[in-house]
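Every chain is named by a letter (A, B and C) in the order it is written, and numbering of its residues begins at 1.
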Amino acid sequence: MNESLELAREALKAANEAKFLANNTWMLVATVLVFIMHLGFAALEAGFVQRKNVVNILFKNVMIVSVGLLSYYFIGFNLMYPGIEGGFLAFSGFGLTNPPDAAGLIEYADGSYTYYTDFIFQGMFAATCCTIVSGAVAERIKLLPFLIFCLLFVTIAYPITGYWKWGAGWLDAKGFYDFAGSTLVHSVGGWGALAGAILLGPRSGKYTEDGIRPIPGHSMPLATVGVFLLWFGWFGFNGGSVLSADPDLVSLVFVTTAVAAAAGCLGSFVVSKLIFETYDLSMALNGILGGLVGITASADGVSPLSAMLIGCIAGCIIPLSVSFFDRLKIDDPVGATSVHLVCGIWGTIAVALFGNYGEDTGGLGIQLLGIVAIGAFTFTFAFIIFFLIKILVGIRVEEIEERKGLDLGEHQALAYT
Amino acid sequence: MNESLELAREALKAANEAKFLANNTWMLVATVLVFIMHLGFAALEAGFVQRKNVVNILFKNVMIVSVGLLSYYFIGFNLMYPGIEGGFLAFSGFGLTNPPDAAGLIEYADGSYTYYTDFIFQGMFAATCCTIVSGAVAERIKLLPFLIFCLLFVTIAYPITGYWKWGAGWLDAKGFYDFAGSTLVHSVGGWGALAGAILLGPRSGKYTEDGIRPIPGHSMPLATVGVFLLWFGWFGFNGGSVLSADPDLVSLVFVTTAVAAAAGCLGSFVVSKLIFETYDLSMALNGILGGLVGITASADGVSPLSAMLIGCIAGCIIPLSVSFFDRLKIDDPVGATSVHLVCGIWGTIAVALFGNYGEDTGGLGIQLLGIVAIGAFTFTFAFIIFFLIKILVGIRVEEIEERKGLDLGEHQALAYT
Amino acid sequence: MNESLELAREALKAANEAKFLANNTWMLVATVLVFIMHLGFAALEAGFVQRKNVVNILFKNVMIVSVGLLSYYFIGFNLMYPGIEGGFLAFSGFGLTNPPDAAGLIEYADGSYTYYTDFIFQGMFAATCCTIVSGAVAERIKLLPFLIFCLLFVTIAYPITGYWKWGAGWLDAKGFYDFAGSTLVHSVGGWGALAGAILLGPRSGKYTEDGIRPIPGHSMPLATVGVFLLWFGWFGFNGGSVLSADPDLVSLVFVTTAVAAAAGCLGSFVVSKLIFETYDLSMALNGILGGLVGITASADGVSPLSAMLIGCIAGCIIPLSVSFFDRLKIDDPVGATSVHLVCGIWGTIAVALFGNYGEDTGGLGIQLLGIVAIGAFTFTFAFIIFFLIKILVGIRVEEIEERKGLDLGEHQALAYT
């Protein structure tokens, strides 16, 4: 009897270790998929700006990833996930806490992944909020002021509102639901983008007396590469947000994510054909992204058919929203505000309309409360920072620099020779 | 005794859950790898067409993925995998069947992955058959007619022949073998490509009285990016076709896939150097793809040395096949017919020559029967659809539109500014 | 009692199989990540060379991967990992040994992955050493001589020094430590690059009487795509070098790899701003790579803070090293010598300064011994091969071919039309 009991114990231990291996491996694969989204954003934004501003946008994206990872290591992670204790603004100290055991690592979240896995997965997300901003303020913002904004935005604003929900803060307690961040990541980036675009003003020559002058991106292949890489990475963004390799949930998330993106493409295709009377590649691309942002809040809790509807509506929103911001003369070279802010809000509302989360979660009122609270905080934060930078050091490049391009102005370099 | 028995049962349950986790995770990773092949195709085809048709080819590829996923959801999946019952043309109804249990998901295929995983992995494959066509008909086909063709091709033709083998249909019963789709995916796409290329006729100026005028692609870096991404994704295409994470088979498949591609590159390198007397990058790239298509039917059942031989022969075929189609004045801007049709046929034959599948599987006669049956069905289907579209609405753009480019003609846009 | 014992045995067997599944799956995922680094190198190098030499550099990279994989299959793998027996130069025969059991595959390395997984993961690494060389000798080396060099370098030189450490050779016995190859892969490539760059001499017009003339790369987006893909793949390069999915180690490696790259970017950003007084994108990109090369030797054995410091110092080294080689008139179009050789040496030294490997491993003296021994062997080998090729068939293209570009000279083709 002893022998069987010991063997059974050993077997159970080995089985749990195997689960731990599989879960942790999936989370790390999801991490690399989220990582490559930064290349997706860089390529998308570079493709959508003019030839003369390509080095600048690439440089910003490279810096954002690096600054974002390090600042999240030192401050953001502990501000967003303070653990039980809390502390001032829920901040639990600088830098990663040395986990207690000898190997410097602990099992975490009931055995599904390690502390370091938790950090690196979350850390890959963090910089995304700034990458979203960089597209909207492209082609006219000064480099250093933008990097200062990013540092503050990713270090302070993003983790605070993230804590409200994912760190088990007050919005979480109220039943607000946002699976992988339609609001917590995308709208947050979108509000920052909106604040920046408003304070900067439009690119010169965009809104003239003769109407809106389209300023087409310099490379559609680059933009397309970017969107496919973002879609690719989104399987990690949403799939990893299950926080385990749970087959039911992760596979559902894959399906909802994929069909929402596809439906977003078709929605945007049809509406932009009706409005602009052309087959517009950039609208189809942004339709995909809109669908992805839209499904992000509920990818783990809607049926595939609901996901299609959510994605399709998000796609239909895109051309309308782009026109809307253009009519307001808010100039956003890559459509980041439409994709991330507007579709992020839509996705968060969709949780209440389509989500199967039980009674206590994701009611319409609570979802709206979350949208408004996070929006108000983030927009105000971003606006104040941009405004302070504007009056202290200026945020917009000189007219002549804008005309000859930021690549020459800020980098003394050209993207192509 | 009770205690040990219970613990042993618990351990066994946990161990099986762990296997399920690992298998399902691998299938989902394979899914994202197959997904990125769509970017591979888009980049390859965009690189190989002229500058003036780049937006058009990108737009088509973006639409194909979206349309393919949704149509496969509604019709194709149930047509290809009808389950036990069958029904008219083996079609088991519209849309994904709601799996029976509470979570909306069931364990599937003896515990190795979920129903949703099954759908999404297969769904990523489906659009591939149309992506292959898009390359061959590039630079002269009208957009909407092409999309209508794709819808019908991916929704009806691909699942029907897929069912013959993978859905346990009559070819499967006869012992036809096609591991991951040399015929079922690649040749199917290739037959569609051939039908389209014949009915469209060559690009104007390609075959002149002075001989064949090469029309070089507009961006070799883009084409190279495409081929590397296709190779990358092929590890998921072939590796996922094991339908579990079985270490022996998946690792064998990785080795055969990799060495066949490498040998395809060398084969094409040597033969194209002999024929064209130059080091031709596009031939080396297509040699890699030829090797990959060639090994796809037998990647799980040949030795690495056989895989090299299969890949090398496929690579040698590429320049010969490209010249052959050129002599027939069948104009294929990206070489899709040579890569996917010809090497797909070769790979399916190679099953009989090199495969270790036991007596009942993959004999030469049966392999040829499968090639011919699927080819006859698919080519006829594609030819009729293209022909009907041609006489009803026309499939070829105006001469003047072809000259100024489809980007301006169909999209009022340029790929680069 | 019998029943429980049997069930417990069954459970233990299943649990061990599950572990095997998870470990092997992670190793194969790491393999595809390493594979895509070849696209990263191709894109980076293509972006950093002039427009007229793009087809040539792409062609070389495509060939290197293919030749590298096959030669490693036939010779390199058995030379690097000879097993217990040894033999002449530790070479254990040509081609993969047929593993003994029926399926043609064996469990390997205490159940964590198969023999074929072992080969394909190592095989993906192998060609890297040549890819590094190709950047440094770009824009002036003859194609065939370069490919001959690569064949010898990857087939003979790389596996011999690899054997010294990873094949349990004499450096391993002495306690030399190099986790994933700061020296064994990157410095080895760097020494080859240095030998080639010295023997070839600088590109004409690079070092003039009026000083150093910068020759900017032709496409910054392409170079940026390359660096992001390299960073992406590095998670597989370092993460896979754990040789299992061990959650503690792999997640630690992910964190150290990520923060070292980020810190390398910032280090290079600051130093290059101080030296060159501009925000230099190519320096930021090479700073990322420098950080990655630097952490590669110790990614599994330093704290994240140490990793940042290692990466930051590597990043600071980059602009200094680039200037240093320029002052020596050693022309390296992509900075491969600085990134891979200099930062590789730094990373190997850092093992002794920051690593937590216990007393017997990685002392400073032994680390230096390894650097010097491997450097001396590799540089001598590469120099002799390049020198023999130089006097026998010549390695440098004609002045006129260099001026009009290798794409026309060697390939009769253009990268862009």
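Here, contacts are C-beta pairs under 8 Å (C-beta built on N, C-alpha and C of every residue); 3 or more make two chains touch, one makes a residue touch a chain.
Remember, predicted model here, so these are calculated numbers, not experimental data.
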Q.
Under the over-half criterion for shared residue numbers, do copies subunit A and subunit B use the same patch or different patches to meet?
A. different
Q.
So subunit B and subunit C are the same sequence; what rotation in degrees superposes their CA atoms, nearest 5?
A. 120
(Q) Based only on mean CA positions, could you tell me how far subunit A sits from subunit B in angstrom? (A) 32
Q. Which residues of subunit B are in contact with two or more other chains?
A. 1, 4-5, 7-8, 11-12, 14-15, 18-19, 21-22, 25, 29, 219, 225
Q) So in the complex, which bits of subunit A are touching subunit B? A) 1, 4-5, 7-9, 11-12, 14-16, 18-19, 21-23, 25-26, 29, 33, 50-51, 216-221, 224-225, 227-229, 231-232, 235-236, 239, 245-248, 250-252, 254-255, 258-259, 261-263, 265-266, 269, 278-281, 284-285, 288, 303-305, 308
Q: Going by the contact rule at the top, pick out the subunit B residues touching subunit A in the complex.
A: 1, 3-5, 7-8, 10-12, 14-15, 17-22, 24-25, 28-29, 31-32, 35-36, 38-39, 42-43, 46, 54-55, 58-59, 61-63, 65-67, 69-70, 73, 95-96, 103-105, 107, 113-117, 119-120, 123-124, 143, 219, 222, 225, 410-417
